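When the chains are written out, they are named A, B, C, D, E and F in that same order, and each has its own residue count from 1.
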Amino acid sequence: MNPTFATPPTFLGTARTGAGARFSVAGIPHDIGTTNRAGSRFGPAAIRAASRMLCDGVNPYHWTSPTALDLADIGDFEIALGDIAESLRRIEAQAGAVAGQLVALGGDHTVTLPLLRAAARRAGPLGLVHFDAHVDTWPDSFGQPMGHGSVFYHAIREGLVDPRRMIQVAIRSPVQREVWDWTVGQGVTILTAEDCHRTGVDAVVDRIRGVAGDGATYLTFDIDALDPSQAPGTGTPEIGGLWTWQAQAIIRRLGGIDWRGMDVVEVSPPYDLAEITALAAATMAFEYLSLFRPG
Amino acid sequence: MNPTFATPPTFLGTARTGAGARFSVAGIPHDIGTTNRAGSRFGPAAIRAASRMLCDGVNPYHWTSPTALDLADIGDFEIALGDIAESLRRIEAQAGAVAGQLVALGGDHTVTLPLLRAAARRAGPLGLVHFDAHVDTWPDSFGQPMGHGSVFYHAIREGLVDPRRMIQVAIRSPVQREVWDWTVGQGVTILTAEDCHRTGVDAVVDRIRGVAGDGATYLTFDIDALDPSQAPGTGTPEIGGLWTWQAQAIIRRLGGIDWRGMDVVEVSPPYDLAEITALAAATMAFEYLSLFRPG
Amino acid sequence: MNPTFATPPTFLGTARTGAGARFSVAGIPHDIGTTNRAGSRFGPAAIRAASRMLCDGVNPYHWTSPTALDLADIGDFEIALGDIAESLRRIEAQAGAVAGQLVALGGDHTVTLPLLRAAARRAGPLGLVHFDAHVDTWPDSFGQPMGHGSVFYHAIREGLVDPRRMIQVAIRSPVQREVWDWTVGQGVTILTAEDCHRTGVDAVVDRIRGVAGDGATYLTFDIDALDPSQAPGTGTPEIGGLWTWQAQAIIRRLGGIDWRGMDVVEVSPPYDLAEITALAAATMAFEYLSLFRPG
Amino acid sequence: MNPTFATPPTFLGTARTGAGARFSVAGIPHDIGTTNRAGSRFGPAAIRAASRMLCDGVNPYHWTSPTALDLADIGDFEIALGDIAESLRRIEAQAGAVAGQLVALGGDHTVTLPLLRAAARRAGPLGLVHFDAHVDTWPDSFGQPMGHGSVFYHAIREGLVDPRRMIQVAIRSPVQREVWDWTVGQGVTILTAEDCHRTGVDAVVDRIRGVAGDGATYLTFDIDALDPSQAPGTGTPEIGGLWTWQAQAIIRRLGGIDWRGMDVVEVSPPYDLAEITALAAATMAFEYLSLFRPG
Amino acid sequence: MNPTFATPPTFLGTARTGAGARFSVAGIPHDIGTTNRAGSRFGPAAIRAASRMLCDGVNPYHWTSPTALDLADIGDFEIALGDIAESLRRIEAQAGAVAGQLVALGGDHTVTLPLLRAAARRAGPLGLVHFDAHVDTWPDSFGQPMGHGSVFYHAIREGLVDPRRMIQVAIRSPVQREVWDWTVGQGVTILTAEDCHRTGVDAVVDRIRGVAGDGATYLTFDIDALDPSQAPGTGTPEIGGLWTWQAQAIIRRLGGIDWRGMDVVEVSPPYDLAEITALAAATMAFEYLSLFRPG
Amino acid sequence: MNPTFATPPTFLGTARTGAGARFSVAGIPHDIGTTNRAGSRFGPAAIRAASRMLCDGVNPYHWTSPTALDLADIGDFEIALGDIAESLRRIEAQAGAVAGQLVALGGDHTVTLPLLRAAARRAGPLGLVHFDAHVDTWPDSFGQPMGHGSVFYHAIREGLVDPRRMIQVAIRSPVQREVWDWTVGQGVTILTAEDCHRTGVDAVVDRIRGVAGDGATYLTFDIDALDPSQAPGTGTPEIGGLWTWQAQAIIRRLGGIDWRGMDVVEVSPPYDLAEITALAAATMAFEYLSLFRPG
């Protein structure tokens, strides 16, 4: 029995690595869609390494444990160097080939678009619980057709998500008025980070549950939803973010939603310190998986 | 249209760099007044670089934008190497020559004294909203006549600020009882960081507005007002500080005060991580400027 | 009179270094009991260096000052390289030889066991106020008889602490259900970090005072009780931790308890940033000492 | 007269920023062609900041100074986020519009291809002095048509450089035998890093001068030609590299060659330490420019 | 075909992970024998990650490639937390169970003792080529019976190595005269780092080949043999060390020796920068493996 | 007997701290004379901590040991915050009060001027062996009368050193022609870093011994004489510097000179990595002290 530092660096140290599990964890080392600092190509490895802090014991809130689930770490998806469009095609194809539910470790937020495409093909338009500092509904990314700020513009336009069942949590970056208005006009609910700090965890949980409803729902967690002090290792930080304890407390109270997949993205290890961002990301995936019970 | 990482490193990427603007941003790379860690000589460059995260879009609280103002980045002030007194003279002269309102990027807190001298020459004794971990009213700095801990002792003694219209926010360092008592005895209002955490943003805003009143007022933001986790890049940190979201929420609610200038000081990049301190400083200046409307 | 950066690196810059003081500060550079990242062997030096920020002035909450106490920094304890059992024997012997009250700077949490052995020999079973992310009551540490996760299992079994007078604050790591149940079954009170965030400082203080009661009590502060953003320099971080302002506010309200000793452990400088973890640790010891008055 | 830390962060602190100079320095913040670590998008800013160490005084080898030349810093080229092909088109167009000689600050090595296209349009096939750890003549980059490892494959195929007048210095990475043989088969001269260490600076200079000859020649300096200890801030380091003193001594002895342009690429500041990589890059450009005299 | 950053983090990205290969790479995350900075418990993971820079292509000196060998990465050995003696027993047992030749990634230098015990059981007393800053023949480690400075004292005393066939390269730390004399008195050849710098690679190679002779020989490479600038990530650095290019050039010329195993130890990632130490360690193992040909 | 990491952080762990020793080590935490990066105020503490690597054993070149000398660490000199002139007066006074020979740990190079004033008062004009990247004979420092670049201009003008017995080693920064010519015109010998690399250690030793002669001589070692890869923790780095092994080998061969004092300056820990700069500085002082024998 080896201590934490000597545990194999799969997600939660799982020994299962092949296909066919109920839950498959995959890394997606793609980061050329970022508009500022890169480095989230190294996110999957860092999140896996940090996750080893979480595999000795069970979640003390739920008394459930992801390691007791049928859980595999299937490694990293193949991408195309320097080519966003082709990378997105490959990601979608690989996600589509996963039998069970996928928990993806980014990579920048661009990767969520092909993941949603794959998920929506199975489940139809999805509800979306979206933690982020940015609305990510820009029609283009600094003049380019695709980038990490345009993901949900495309997801809504393509009908992958139902905007009336979509809620954005911890939003706070500067934004063009017309982008904001378009988003709200589509039916999306936006909770700013200041809203979250001022109204508290329970109010946020109520809003999320109210918006997501009973339909099939996807959780996307951009690590920059968190405050930069708690998640410095990311590409486009904004001050005034959510606390990890709040995010953790919120996710813990989202059991019973019809979850169809999850990703945690934008962890950039070159900017991290002492693995704290990677640990935050690993814990968000751990909390998500703690919502499920074996069998 | 270039992405964030390729935006020119002026404040908010502004292309205007010459004299005569309504708002002029200047760097003051002076840090030999610090009593502990140096490095804030590199603060102006770091704050400018980080500010580029804030120039694509508008402030989502006010729906105003500093980039829509008549705003110039006039570069750095000249200082005298290794000579506090001469540097202060040069800073005052250069500040006095700026036509519009000055937003200064420090540098250590010593630079606020010549800025107040220049501002008071125009506007008379100023109200002062002072975010800091330290009262900075020591009569001397470890036996020397001038240093970053003595700025407001001199400012009060010289009549540059009206102490009854002066409020200190986030104070928490150890301090001599007689320094505290002198400060309070002058009429200064002190809110400790614990006060802020326990009473909340709205109460702090009320106190600030009540103290500042209707007169001409100056805002000085020592970055160590913030918690060291959110502003590690500074010289004299104290634990238990203000959150960025609180500082941001407070400044957002200080519109309508008769503002005459602002500085953000004590950002020391050698101790920063992933630019988070510089980004916090840039955002405080961004929020201050968001209180104004074009025209 | 030298500025902070030129103050000698004893705890609080004290010039007293010999035996016989009312309060003796000692470093214990032992860290081979850690189950993840090492490095707390360098904790004592880092905490002492950071403490210099706190020696110019008095505690502005109590208007008392540790530097006014009969306080000595007696240096570091001798340990046995690579041998936990022998190191624990040496630590206990050296702690037992200290005349007054001991304030120990770790080192990993293993060092608290011999400190409690020495303290209980004088005072009988102790009350224990235990700040930590982990219960540290595992019967073994990854198969080994002793490690930093087993300290309080042994302390309870050996009768060094009275578990009904023992309270754990900021607990949040994954844990085996049987370890948790054993701990609670012994009578220990557990406050999770989420409890602390949701109920607030005053409620936590009430619980601690209620549990600790009037008997002789020991304070052990594992720095990972704090959030990783505020204490990145530690070996087994868990997100969602206590804020420094909360910990500081709590300790400030624990005066009048019959304190018999204190330690702050698990500060690992190789993972720290800009000394913020070391400063947090130094401040916790400073606040503890601020509960006492000279004479 | 401001000290180094207060000098404006243009290249060598030059005040000339507009078009039409004899020598134009431009940044090219493009790094999505890298096959390992990213970050050279921040190279231009870092190299400029570090170059300020070099602008007070003249080159003590030549007693010439780049600051005495007609030298402008024309800012950064515009690129296309996440699109290598379009970025290369834009870079070529902007390089083609520069009147005098261009000194480019990368960015990853991909940027050299459009720079050579622009230069060859004026001067015909160029001699090439190529410092690098890698031959960069792979026909593809991990299956993609373009990347930083394929630049000179394309440059040779397109006739931009004359391979018999091309020399590679400091080569040492693992490489496929067929790639090496193709390169040599084209007529390229390869000096390994071990060759350089064992034969010495003068022998390397002789080889370079012999290969480059009298024709128009271009200098491309991949910072990973240097040893990782001297240039840690790069994406694809290989141990056993050239020393900075050797590179500097070599370039100093390359006067009189018919130089038509120069670039220094692959500086990735997120992996740098204390600016040493950026300073090395700045110095290589400084030494190149020191080969010229005003007028 | 994935780029370097997306290659799986086994040694050289090998897909073979099971038992029975001709060459087995194993990590040994044991570091409690160090007398100064810890952290080499994280060495195996870091060396594996860095080795991915070396798996695309072949060694350009030998035109051989480790990836063409029958090579497996068998993961990390199990150790006993906080117990040197028991860890050494476990390491020896696991090493003894490996069928082919073992290439071990430390861990601190203590791990070489059980590796030599396992190797000598098969091959009898071994020749030893020992790169290190320290002689590691102290009879005790700061008063303790076992530690990373005593490994070869025990190895010689136990007859695991033949001291007349043992050579130490790059030695330079302060040392007790009696330890040096005992070592030399046993027949060990010592080359100081200054010797190496002054006499050159070829002379060192001659000495090594002369000492090692034709018998079964083991290579142990303490990364602190290298200069701290090239290997900062280690626990007991000494200035004035070997260059990576020299070490690489030396190992390349040691083909034909009857090699029976190799380790590279003392890589401590918390003190590393940009993976340069880990890359140096990976390259030393890569060069060792490049001495062999398939079949 | 404690391991390295648990040795007290005096220079070489010496227990003697009072006045009157034959050799006194003092720290001088003054750094406001620097023209670029600050931080050498923390140099003395870092050099002392790093020196502990050198106190277990004797110098293997000379078989002498500084710890066997009558050696005391007398702590840090008092300085005046933010006031160069007054600090220089205080340093001179304190240096003048030291009975034996002083080994000073800077601080920036400005501190050498008062040290030379104190030394010359006893011994008359001194020979000077000066390791540095910069000539430090500027008549002013960016327009100010005193700074770290003007030290030897003043020392020569004041007659503290005999310029014909003064040699500068490792010089390489850009410099004004007139400053260089003035220096040479005074009789100073300048060896550039490239000279040192190309002619070798023995030639440098010969030049130094020839220039220094038999008179009383002082050694000043600016850590930026070393290459930035080996001494990144400094304020004004220049690439192409001396290797530590060369500097060490040179000092080792300077026995028998009539040494009257030594300093090592410009170590700036905020820019250091893994203590390598501090260790280099500590080793230079260790080598200097190794030139002496007890009694």
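Going forward, contacts are C-beta pairs under 8 Å (C-beta built on N, C-alpha and C of every residue); 3 or more make two chains touch, one makes a residue touch a chain.
Owing to the predicted nature of the structure, the values given are computational and were not obtained by experimental measurement.
Undergrad: Which neighbours do subunit B and subunit D have in common?
TA: A, F
Undergrad: Looking only at C-beta pairs that count as contacts, which pair of chains has more of them, A-E or A-C?
TA: A-C
Undergrad: Which is it for copies subunit E and subunit F: same residues on both faces, with over half shared, or different residues?
TA: Homomeric contact, different residues on each side for the most part.
Undergrad: Taking each chain's centre as the mean of its C-alpha atoms, which one ends up farthest from the centre of subunit F?
TA: Taking each chain's C-alpha mean as its centre, the farthest from subunit F is A.
Undergrad: Provide the C-alpha centroid distance between subunit A and subunit B, rounded to the nearest whole angstrom.
TA: Centres of subunit A and subunit B (C-alpha means) sit 36 Å apart.
Undergrad: When the centre of a chain is set as the mean of its C-alpha atoms, what distance in Å lies between subunit C and subunit F?
TA: A distance of 41 Å separates the two centres.
Undergrad: Going by the contact rule already set, what residues in subunit D reach two or more other chains?
TA: Expected reply: 1-3, 5, 35, 37, 41-42, 81, 141-143, 147, 227, 229-230, 271, 273.
Undergrad: Tell me the shape of the graph of touching chains, choosing from line, ring, star, complete and other.
TA: Contact pattern: none of line, ring, star or complete.
Undergrad: Pairs of chains that touch, anyone?
TA: A-B, A-C, A-D, A-E, B-C, B-D, B-F, C-E, C-F, D-E, D-F, E-F
Undergrad: Which subunit D residues qualify as touching subunit E in the complex?
TA: Against subunit E, subunit D makes touches at 35-37, 141-143, 147, 171-177, 179-180, 192-194, 197-198, 227-230, 232-234, 236-241, 271-273.
Undergrad: Within their complex, state which residues of subunit E touch subunit C.
TA: Per the touch definition, subunit E meets subunit C at residues 31-33, 35, 37-39, 41-42, 80-84, 141-144, 146-147, 270-271.
Undergrad: Help me check something: in the complex, which residues belonging to subunit D touch subunit B?
TA: It comes out as residues 1-3, 5-6, 8-9, 29, 41-42, 45, 49, 75-76, 78-79, 81.
Undergrad: Where on subunit D is subunit F touching in the complex?
TA: 1-5, 53-61, 63, 65, 201, 227, 229-230, 243-245, 248-249, 273-276, 279-280, 283
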